[in-house]
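Consider the two complexes below, in which chain A is the common component and chain B and chain C are the respective partners.
Right after this comes the complex of A and B.
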C-alpha cells in the first residue's frame, strides 16, 4: 500500500490526500467502548458502557461522563487519558469565556474551541492526535444540542449519534428508533436499549453511565440506582 | 514543540513601560486621574451556625460619593463570600479571578471549595504584587471543616479571627464588636450586631455611608441580604420639581437661509458616461 510510506509522520499528506495518523486515531476510537447521545425535544442524553478491566476495580471511582460547565457535559470513546486532557482544557476555556463576557459559554463556542485544540495537535511537530471522539451535550438559549468532535478536529451537530465499537449497529438502531418529538425519558429508554444491543454480559446500573440535561439547564450524571429504575422500566 | 500561535495574553506581572512617560507628564503639569476608592466599613463575625458578613454601600472618589449603593460583598464560591475595601477595581478584579480559579478547582476535585483555599490563592496573589494591588478583604465561608473568617491585607498578610473589621470605618465598627460580641450568638443576634457595627461606620466615618448589606453563610445555605437596612433614605424631594434657568441670554435671533448655488451651463450635454 503506497500509503504506508507516509504513515509515520503526522504532518505529511499521503498521495491519496489523507493524513494517515488521523485515520489511525479514528481506528483507536473505533475500538473504544461504545458511547452514544440522543437529542430529545426537551433535553439531551449521553450514555456509555463502563466495562472495567477487572472486578477488583472500584467502579465508583471511574467516571467517564464529565461535566464541563453547569449546562454542558461530555462523554468519550477511545483513550481515557486523552479525554482527560481535553476535558481540562475545555473547562478552562469555558471559564475564561465566562470571566470575559460574564455569560455562560454557548455550546457551539465550546465545541469550536475544543475542536480547535484537537486540530492543533494534527498540525504540530512532535505531537500525536488525540485518540478520542467526544460527544458534547448541552442546553443553552438555542435549546438542547448534541455535537460530536473527532480526532481531526471536525465537529458536527447530531440528532442522535454513536461511537466506538459496534457503532454501525448502534447507528442503525438509532435511525430506526429516533423521532423528532421524542421526550427526554423516551430518549433515555432508547439510549439504554441501544447500549443493550451490543452489550456483552448483563447490563446493570454499575456497568453503564448515563448523563442527562433537561430544560432546567443543569447537567448531571445519573446515580446507579436511578439507572436501575430506568432499566426496570425498559424490561 | 511548535504550537500554532493563538492569541495569548502576556504572562503575569505589571508592565512598567509607561512609568517614565507618566513621570514626565506629571512634571509638565498634568493632573493624574484619581481612582475609585471604597473608603469603607466591612465586617465579619462567626456565630453559632456559621459566618455573617456585612458592608456599607458607599464608593468614594476623593471627597465625592461616586456610587451611593455599590456592592462590596463579592461572590467567591457558593459557600464563600468576601467583602472588599480599598480600590474598588482591585477588589472586584481579584475576587473575580480567584472565584474563577476556584470554579475550575471544584470541577477537578469534585468537592466543595474550602475557605483556606480561597485564602491561600488571594494572599499569594496580593503578595506577588507587593501591595500595589490595593485590596483589603474580609473573607468568610462555611466548608466541610466548619465556619471560617479571615482578614487579608494588601501586602498579603492574613489573620484568622472570630470577628473582624476592615476599611476606614473599621475602628468605629470594632468598637461595637469589642463591647458586644460573645460566642454562640444566634442568627438574629448576629445580624443585628453586624448591622449595628456597619451603622456605626456609616454615621461616624465619612468614607462610609448609605445602606447596610449583609450576607449570612451557614452549612449548605447562604442568604444575601442586599440593602438589609437603608438608614439614609432621601427624605425630601420637592414636588414642584427644579427649574434650572438658562445661563445664556438671547439678544437677537437671526435666521440666515442657505442659498443654493446652481450653475447654469449653456449647451451642456446630457449626463455622459
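Right after this comes the complex of A and C.
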C-alpha cells in the first residue's frame, strides 16, 4: 500500500489524501480507556473508566476528569500526559479571555481554541499530533453543551458520544437509550450502564470517574461515595 | 498646554428609565483655531452600544478604528453583539496595553446590556474604569459638566425629559469652555429606537 511510505512524516499527505500520522493518533485514542458524555436537558455528564495498572496505585491521586473553568470540564481517551498539556493550554486560554473581557469564556470559543492548538500540532515541523480525543462538557448562556475534539483538531457537538476501547458498543447502547428530554440524573444512570457494558471486572466508585454540570453552571467531579449511590440506584 | 487640551472636547452620558443619552460638542480645534464645526466624537459600535472619545482627535480616531476591528471579529466568532460591560473591559485592556505611551483619549461608553438595562462608564487614558449609575463626563469642559449634571440630573427620567436635561447640561457647560462648543450632537437610545439630534447653541 502506498500509504505506508508516507506514514513517517506528519506534514506529508499520502496519495490517498490522508495524513497517516493522524490516523495512527486516532488508533492510539481507540486503544485508550473508554470515556463517554451525555447531554441532558438540564446539564451534561461525562464519565470514564479508571483502570489503574496495579492495586498498589493510590487511586485517589489519579484524576482523569479535569476542570477547565468553573463551568467547563473535560475528559479524555488516549495518552494521559498529552491531555495534561491540552488542559494546561485550555485553562490559560480561558483565563486570557476572562482577563480581556471580564466574562467567562463561552464553551464554543474554548473548544474552538483548543481544537486550533491540536490542529497546530498537525501542521508544524518536528512535532507529533496529540494522542487524545477530548470530551468537553460545559454550561453557559446557550445551555448545556458537549463537544468532542479529535487529534486532527476537528470538533463536533454531540448529544451523546463515546470514545476509546469500547466505542462502537457504547455508541450503539447510547443510541438506543438516549432521549432528548432526558434529565441529568437519568443521564448519569445511562452513563453508568454504558460503562458497565464493556467493563471488565466489578464496577465500583473507585474505578470509574464521573463529572457533572447542571443549571447551577458549576462543574464538579463526583466523589466515590456519590458514585456508589448512583451505582446502587442502577442495580 | 496639555495634550488633552489640544483639540478640545465635551462628552456626557446619562442614564434614564430603560434608556440612556450620550452627547458631545462639535468643535474640532487646533489650540486656539477652530478648524471644524461638525466633528463626530460619538460612534456607534452596534445598535445598543455607543462610545464617545474625548481628548486628542487623532488618537480618538485610531482607538475607534481598533475597537471596531475587535468588535467585528468578536461578532463573527461569537455570533453575538458585545455587552456594554464586556466592551468596557476590552477598551480598558487596550488602553492599558499602552500604559507607558498611552492613547490620549478619555472614552465614555454607554449601552443597553442584558434585559436592556442602561450601562454607562468612563475611564482615564490608561483604562481605569469609573462606573456610574447616573451620569459620566469627559473632555476639556468636564468640570463644568460635572456641575451642570449634578444640578440638573434626576433619576428615572423618560427619553424626552432625558434629552432636554442632557442638552441643557451640555450647552451650558461648553459655554464656559473656550475649547469646546459650536453646537451639540445628542443620541437618545431606548430598547426600540435610536434618536439622533443636532443642537444649535452659541456658535463660538
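Here is the rule we go by: the second predicted complex is superposed on the first by the 235 of 235 C-alpha atoms of A that agree within 3 Å, B and C clash if a C-alpha of one lies under 4 Å from a C-alpha of the other, contacts with A are read in each partner's own complex, and residues count from 1 in each chain.
Please note the rule applied: a residue touches a chain if its C-beta (ideal position, glycine included) is under 8 Å from a C-beta of that chain, and two chains touch if they have at least 3 such contacts.
Quantities reported herein were computed from a predicted structural model and do not represent experimental measurements.
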{"item": "Contacts of A:27 with chain B and chain C, given as first, second, both or neither", "value": "neither"}
{"item": "Touched partner set for A:88, first chain B, second chain C, both or neither", "value": "first"}
{"item": "Touch count on chain A, higher of chain B and chain C", "value": "B"}
{"item": "Touched partner set for A:125, first chain B, second chain C, both or neither", "value": "first"}
{"item": "Which of chain B and chain C A:109 touches, first, second, both or neither", "value": "second"}
{"item": "Contacts of A:100 with chain B and chain C, given as first, second, both or neither", "value": "second"}
{"item": "Chain B versus chain C as contact partner of A:67, first or second or both or neither", "value": "first"}
{"item": "Chain A residues contacted in one complex by chain B, in the other by chain C", "value": "99"}
{"item": "Complex interface listing, chain B residues touching chain A", "value": "1-4, 96-97, 100, 103-104, 107-108"}
{"item": "Residues on chain C engaged by chain A in the complex (per definition of touch)", "value": "77-78, 83, 85-86, 89-90, 93"}
{"item": "Sites on chain A touched by chain C in the complex", "value": "99-103, 106, 108-109, 112"}
{"item": "Chain B-facing residues of chain A, complex", "value": "67-68, 88, 91-92, 95-96, 98-99, 120, 123-127"}
